[in-house]
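Same chain, two partners: subunit A is paired with subunit B first, then with subunit C.
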Partner chain A sequence: MRYLSLFSLGLFLLFAVSMLIPALRELPRALDAGYLLGVPEAMGRAGGIGPMLFSTLLINGLALVMTVGLGLPLALFLWERGDRVARHSLQRAVILAIDLLAGTPSIVFGLFGSIFFCRILGLGYSILAGAATLAVMTLPLFARLALDAMQASPAAYRPLARSLGLGRRTTALRILIPSVWQGLVAAVVLSWARATSEAAALLFTAGYATRWPESLLDSGRALPVHIFDLAMNVSGGDAMAQRAALVLLVLTTVFVVVCRKFMQGVAQWQIT
Partner chain B sequence: MSSPRLVNASLKKTSTSRSDLVYSGSLVLAAGLALASICAIVAFVLIEALPFFRAASWPEFFFSPAWFPGESRFGAAALLVGTLLVVLGAIFVAVPIGISAALALVFYLPQALASRTQAVVEVIAGVPAVVVGLFGLTVVVPLLAGVVPPGLGLPAASVTLGMLLAPQLIVNAAETFRAELPELLRVARSLGISRETVILHLVLPQRLRILIGSSTILTGRAIGETLAVMMVAGNVIQFPESIGSSVRTLNATIALEMPYAEGIHRSALAALAALTFAVVLALRAVVPGQARR
Partner chain C sequence: MADYLSRLSVRGLGVHYGRRCAVRNVSLEFSGPGITALVGPSGAGKSSLLLACAGLMGDVPGARVDGEVDPGDSGVGIVFQQPLAFPLSIAMNVGLALRERGRSATDVDARVALALQQAGLWTEVKDRLRESATRLSGGQLQRLCIARSLALAPSFLLLDEPCSSLDPMSAKVVENTLRELSGSIHIVIVTHNLAQARRLSNRMIVLWDTDGGGSQVLADGPTETMFREPPHELVKLYLDGQLG
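So, the complex of A and B:
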């Protein structure tokens, strides 16, 4: 039992290391301004990833604004109705919808986005369409995490605030959100990580143009799409794919780890 | 604020103030928009799939492996079988490794080493799927090519997908094992029960429901994973003939054919998406409620 379980853990770690080593080996070449800001040449076999990096940040930044802009009110709306009759019908229905979408394959969002945003709304392959698709994808995740965070605040806050004569806006903005902001930041960070790793939903919404995007209605290739393309469609693109993967890992994983450390630090600081 | 009348007045003022109305109104508006967008997706996929559902022959869709969009023949059987085989293979890889690695983390490694290892596993759980796919393509496929040629196919897809699921499963299982553990171990020690017995006869049977629940959730994620699987599966539409055979999944078909699909073909792809919705819903129905999170 002991040896079996230690062997499994070892095997897993071996695989994990062999997954990360090829990307980490590209570190010296990835830390080059010519690479991070340069334009790709020969379908990505040479040159840089400047436009992709810019598109990634633009798409995900926009998506995050839309996600939080819609998801935070949704979570607040559900939190405020937490103790009413609606709990058993409305809130449940919403949570069912949220869970269903959280388990939906991202390619389905891609399908939806490419038909709705690109064709029906006429946005075409564009950064705006990609961002909107990503926002719809991360919205359920964010709303669920934000609602969880809000429900972790003391249940007495709402009646207490009301008895003090505070309005609903004041209760939400001055009492609820400050008391659960760490949970909300965690929700934002996780939504960011999920959106930044996404390729399937962007392939047919934001497109795969490798030039610098000139406007929000221009096509822009996100980093995961770039990695996918290099690995699948460009012979001899593996090393460049690993290099781009390293940059993507920094944008997602490392970012999340740093945020988590930061928040733990803040939590300890608040207690002492 | 000392006189009751003043308090009363301020109460009245704040609870019906204009800013509050504006706040509530904008909340309802944004929440409604968010809800609408969530509902729109499901509705949209179904509406898009409707022409296909009307025109399709159901036996062909479910039982024929002949998927020839050019001839308007849409048999999804090979895709369904391919998807299920890949997912089963991934579960077969991820669950034994995940659960026993979690046992090692909780019961066998020294505390300090275990918490560091767990941090590493958590980082790996956040690795983007496309990077795991790249690992499958550059490491797993060449490795398997010597064992079960040609390499691209069912085994590579299962291992890659298993590698994508394993870290999350380890984290979940370790968390499950840790719940109320010190108490259990203390009682067991006072009764003279060995650690192996505790694991095999107490912890595993007791937490089985939760483990099955989190494995089922991961199965849902496995069904949804598109590109990482597509990178290593070979993507030939066929019933697998041998263990190393090339397979194509439902989602890979959507991803591969969406760029040029028109008319009834596009509708058929939406029907495939609806099929995955159905699978996700069915999985959700069988997961025990407490394990859903």
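So, the complex of A and C:
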């Protein structure tokens, strides 16, 4: 077992090193302000990634707000029913649907988003359509992880809160969420990571434009789509693709650190 | 406060888990200050009866309650076996329910202090009310749970084996606290510790399932009388430690 673990670790390190070393060569240029804020030139072989970075932050930020805004109440709804969830066919169906959707390939969500958000709702290829598609894609994952975190909290919280006459909102906001904040951070981070790594879903929904988006209904090219384009469609675009990938990695790392610090601060404030 | 006008009435109470009847046709009345010990063998339905009196059986999966529990205008507090603090400060743990009811900050602070004094915890925590309650020891935590219920000024306090997870010294402190509280409220304590029941209570109720159809009240009377002159052979064997 030990040798198997060491072998797995070795494979992972080999993979990580082989990916990171070429990318790390680009690190100084990746964090250059001119690159981060500039516009692409020569189909992305030169210039910067300003519009793409901005579109990524817009799309993923909106998607996260929608995911947490819908996923947290859903997880709370299922947690409040406690063990009775297993007995009610509606709640069982909801959990089954969540688990099935969490395993659905992202390109399927992209096709769904293209038909529903872009065409039926008339959003066209837009930041908003991309964000909504990502939200639909990450909602099952977030809701499931959040519910798992809540179910790991002491089961006695519910009867205890009821015995004191505490309302559902107080129980959720003052007792449950502070007690499972680390699990919720993990749910947010993993949902963000899934959304940030998405190219397939955004190809069909957010569009391909390399200009600065002027509104949420404007098309915007997210970084994963830009990386895909540079690597697959632009000859000599590999180095710029690696540089953009590094920026994406740094973005995710910064998000994780900020998210943890924020939730830690909220949990501390909640204590008093 | 539990004066003689405060009354907790239980009429024809039954508790069922699926097809199994845990408690059947229990009728009891609690009033005035004092301590009642609810005893009986394991699985006799003591905790179920307590939860039903507190109106919390709805949280138990598969449970169904018949009959009636009438607390009148009296408040009923409950303390569970495993002490559990909310992830909040000591003061907020005790005062959260008061804030929920819209009490002013000044009123909440005063009642939190009073509840902690009544629970015998004030001198140990008065300088660290804003610290997390999860840092308290087991005995302190159980007294915090008692204070949390007392903050709502109940007339009746139900405790489900409050000392079973505590070391002997902490258990003794909790017992002393309950003894002092019994001068102003009525306490119902579920316990497997017959010595504790004899030490603390002035009334004892024995719950027993004699025919497999669900537990009923086998005996109900003054504690000392129960030990000196058990009213039933099963009670005698149980109090002698030969059964249950």
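Rule of thumb we're sticking to: the second predicted complex is superposed on the first by the 232 of 272 C-alpha atoms of A that agree within 3 Å, B and C clash if a C-alpha of one lies under 4 Å from a C-alpha of the other, contacts with A are read in each partner's own complex, and residues count from 1 in each chain.
Everything below uses one rule, namely that a residue touches a chain if its C-beta (ideal position, glycine included) is under 8 Å from a C-beta of that chain, and two chains touch if they have at least 3 such contacts.
Note that the structure is a prediction, hence the values are computed from the model and not measured.
J.: For subunit A, which side has the bigger count of touched residues, subunit B or subunit C?
T.: Higher number of touched subunit A residues: B.
J.: Quick one: is A:Pro178 in contact with subunit B, with subunit C, with both, or with neither? Answer first, second, both or neither.
T.: second
J.: Could you say whether A:Thr170 touches subunit B, subunit C, both of them, or neither, answering first, second, both or neither?
T.: Touch status of A:Thr170: both partners.
J.: Given the touch rule stated above, what does A:Leu160 touch, subunit B (first), subunit C (second), both, or neither?
T.: Only subunit C; A:Leu160 stays clear of subunit B.
J.: For A:Val234, decide between first (touching subunit B), second (touching subunit C), both and neither.
T.: A:Val234 sits against neither subunit B nor subunit C.
J.: Which holds for A:Leu70: it touches subunit B only (first), subunit C only (second), both, or neither?
T.: Only subunit B; A:Leu70 stays clear of subunit C.
J.: Go through the superposed model and pick first if A:Cys259 touches only subunit B, second if only subunit C, both, or neither.
T.: It touches nothing on subunit B or subunit C.
J.: What is the contact status of A:Leu4 with respect to subunit B (first) and subunit C (second): first, second, both, or neither?
T.: A:Leu4 contacts subunit B only, not subunit C.
J.: What is the shared patch of subunit A, the residues that subunit B and subunit C both contact?
T.: Overlap of subunit B and subunit C footprints on subunit A: residues 162, 165-167, 170.
J.: Give every residue of subunit A touching subunit C within the complex, in rising order.
T.: Touch list, subunit A to subunit C: 82-84, 86-87, 154, 156-160, 162-167, 170, 174-175, 178-179, 267, 270-272.
J.: Hey, which residues of subunit A end up touching subunit B in the complex?
T.: Per the stated touch rule, the residues are 1-2, 4-9, 11-13, 15-16, 18-20, 22-23, 69-74, 76-78, 80, 94, 97-101, 103-112, 114-116, 136, 139-140, 143, 162, 165-170, 172, 193, 196-200, 203-204, 224, 227-228, 231-232, 238, 241-242, 245, 248-249, 252-253, 256-257.
J.: Using the touch definition up top, name the residues of subunit C that touch subunit A in the complex.
T.: For subunit C paired with subunit A, touching residues are 51, 54, 56, 59, 61-62, 77-78, 80, 82, 84, 86-89, 92, 96-97, 100-101, 130, 132, 148-149, 152.
J.: Under the stated contact criterion, what part of subunit B meets subunit A in this complex?
T.: Residues in contact with subunit A: 7, 10-11, 14-15, 17, 19-20, 22-24, 26-31, 33-35, 37-42, 44-45, 48, 96-98, 100-101, 103-105, 107-109, 117, 120-121, 123-124, 126-135, 137-139, 163, 166-167, 170, 196, 199-200, 217, 220-221, 223-227, 231, 251, 254-255, 258-259, 266, 269-270, 273, 276-277, 280-281, 283-284, 292.
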